[in-house]
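Multiple structures follow.
Consider the two complexes below, in which chain A is the common component and chain B and chain C are the respective partners.
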Partner chain A sequence: MNTGVLDELVSALRCLPSVGPKSAQRMAFHLLQRDRAGADRLARALGDALTRLHNCARCNTFTELEVCERCSSPRRDASQLCVVETPADMLMMEQTHSYSGLYFCLMGRIAPLEGVGPKELRLDRLLERAADPAVREVILATNFTNEGEATAHYLGEMLRARGLAVTRIARGLPVGGELEHTDIGTIAQALSERRPA
Partner chain B sequence: MTTGKQRVDGQPAFLLQAHPYRETSLVVDVFSRDFGRIGLVARGAKRPRSQLRGVLVEFQPLDLGWFGAGELRTLARAEWQRAWPMLSGPRLLLGYYLNELLQRLMVRDDAHPALFDLYAEAVQKLALAPAETVRHEALLRGFEKALLRELGYGLTLDHDANGDALDPQARYVYKPELGLLEGEGSGDDVSMTGAQALALHEDDYADAQVARLAKTLMRVLIAHYLQGQELRTRRVFIELQDL
Partner chain C sequence: MNTGVLDELVSALRCLPSVGPKSAQRMAFHLLQRDRAGADRLARALGDALTRLHNCARCNTFTELEVCERCSSPRRDASQLCVVETPADMLMMEQTHSYSGLYFCLMGRIAPLEGVGPKELRLDRLLERAADPAVREVILATNFTNEGEATAHYLGEMLRARGLAVTRIARGLPVGGELEHTDIGTIAQALSERRPA
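Moving on to the complex of A and B:
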């Protein structure tokens, strides 16, 4: 029995996050035995995605067009530019239905211990995007992790130095949150960033 | 020293770095007071509702419990001892630099309680001290020197390599592993006067030239002990300063 092709499929599936040898084998057998149509669809979808999707020239998220639909929509407010870490973060912002500006997706964050700095993140593309004279405000919506904070800090410095108004999304207790059930880190931070009532 | 099964609780610790592990877990590299640097699996820590999400954060004094043996133990419990403000801006980058020094120079499972206390003190200063009162350079140099001393790479700056007293006017060269040798030195040698060496010994960085010298000396020594490994946080810090 020549299983070179099977081995290759199993080891290829392991490139997915959190897929180990056992899961990869299970997936391979499932696709080959139980769902060959699904396997065919997956193969074609992957191929199409690889050849047709690339980063939007404006917001850096994935699109089939040169500039994605959101970035070219006349209904979006071009004066606001919201910077997020990932496309998933962008989708969350969209689900709020309370933001109508445009986005820039970093596709990562500054991670000093992993050696991810401004060059690896290609921050020059954000600078270029933010230099559009239509942009009046840049909203930093990176995560409230230490890495997200480092990213926001340096983006803020860099954009302010170029004369842009920069804001950071607020943090504190979650909506509907009760002090009694909130972690002390959130409460301490909310206390130190309290505002006039 | 720490072989065999063990159950530990109420251990003061800091998170140095967290890596994703399997679908919903994290592997965390922590610096604990009495057990040194260890690796722990935090099961389910990446789940949206995991209470560990907001707890396993760098630069916060943690109180940890774990069990198991070997390379990776299992985190049983994690709480904040208290809440320090999150580090911000350059101080956050300095914090990452301290973490990387510990990760690269300190082997696993080697307890360094005195170094732990110095780290805690340094992070506390970065978190709490008003901006104008923290002298970043002095804080870094003090920590770097203490780190080398604690790890057994201590540097001798109060007498020369032969054990003789320093002549404040004479010039010396600092050689890693050896110490101060009288002479002018050449090229990449770190050279200083006897008076400057004594100021370094006393952690007195008031003189700008001594402060610069301390920085160069530490960079050379740390590079020597890293044996060619790059300090990523240092590179990223420099790149960010240039933005």
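Moving on to the complex of A and C:
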């Protein structure tokens, strides 16, 4: 007995990640009854984002420009290229204020179970970007999940084969970490990757 | 370093209930990178819903008509009026196939802590609806949460004062329920509300 327009809204809300039928229904009712201004704002924001945002020709993140501000900034060190999975990871790296190189955003990771292989990730674009003679080092900053590790391994092989220096961000105990409360896998890694004190 | 259009999308997504900053960012990236068609569909669905849906003049649920199909159906029993909190609750009642009366949807419940009182719920509209001489019984089917119970109590007093017969849906053990695995509050209620076997 729902109307077609309402059914369509509930169904369209399910294109959002991890929104199931119950949540979608709750969202639709909330917007219609309590926040019509918010719904209107969201519709406009979606439209604007779709027409104005695309992937940066250099780093692949979202931008309104052909090449994003960061990639065209003369203050960034063009000799370092840091590979991350998502724009959110890029923002986290920036918030450390300890990296001034450039980035390449994969917009995903190799995940065979989800049908995402090197081809789907368009890794040819990373190869092209890394072929820039200014690049001296490629820093792999994919996650330390199974998929992130597999992606780093694959990228490492691929980039080294082209004569590039490739590094991986370090794995070990977190800042403030105590051995007693750290998982044994992390401790084992920290031990095998120990460095001169 | 996010662009304005992207920031606005992330921020607009937060008008959805229980979507925080991290989820909003994840949703925005997902739509832009993986499901532009879905984002477009959502933008249109929101626009359509906002222009075409409003509250039914009789039962207050969402409809494209002045009076919804259910309220104008000659096959529904106009002597019973069931009060529910949300359109979702109405759908659940319908799915039981054991009610053929009409509804009134509160679109919320009395929740003083959230600033929702009888006035904000527009209970005058329910009073007006229940004043229809065809109505013989008002069935309160608000939730058995604290707010739902308080709402039922308030509505009961209000409607009885106007000479209407008011009932409350039963509380007790669920179908298939075992005493050993039921909370004591529910068992106590089931005991005090026992009926001839």
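Definition applied: the second predicted complex is superposed on the first by the 195 of 197 C-alpha atoms of A that agree within 3 Å, B and C clash if a C-alpha of one lies under 4 Å from a C-alpha of the other, contacts with A are read in each partner's own complex, and residues count from 1 in each chain.
Here is the rule we use: a contact is a pair of C-beta atoms (placed from the backbone, for glycine too) under 8 Å apart; a residue touches a chain by one contact, two chains touch by 3 or more.
The shown structure was predicted, so the numbers you read here are calculated from the model rather than taken from an experiment.
Looking at the shared chain after the overlay, A:143 reaches neither chain B nor chain C.
Contact comparison for chain A: of chain B and chain C, C touches the greater number of residues.
After overlaying the two complexes on the shared chain, residue contacts for A:62 are found with chain C alone; chain B is out of touch. After overlaying the two complexes on the shared chain, residue contacts for A:17 are found with chain B and with chain C alike.
Of the two partner chains placed by the overlay, only chain B lies in contact with A:189; chain C stays clear of it. Residues common to the contacts of chain A with chain B and with chain C across the two structures: 17-18.
Listing the residues of chain C that touch chain A in their complex gives 1-6, 8-9, 11-13, 15-18, 22-23, 25-33, 35-36, 38-50, 52-53, 62-64, 68-70, 86-88, 91, 94, 107-108. Per the touch definition, chain A reaches chain B in the complex via residues 17-18, 20, 110, 112-119, 123, 145-146, 149-150, 153-154, 157-158, 183-189, 192.
Touching chain A in their complex are the following residues of chain B: 17, 20, 22-23, 51, 54-55, 57-60, 80, 82-89, 92-93, 95-97, 99-100, 103, 230, 232-233, 235-237, 239-240, 243.
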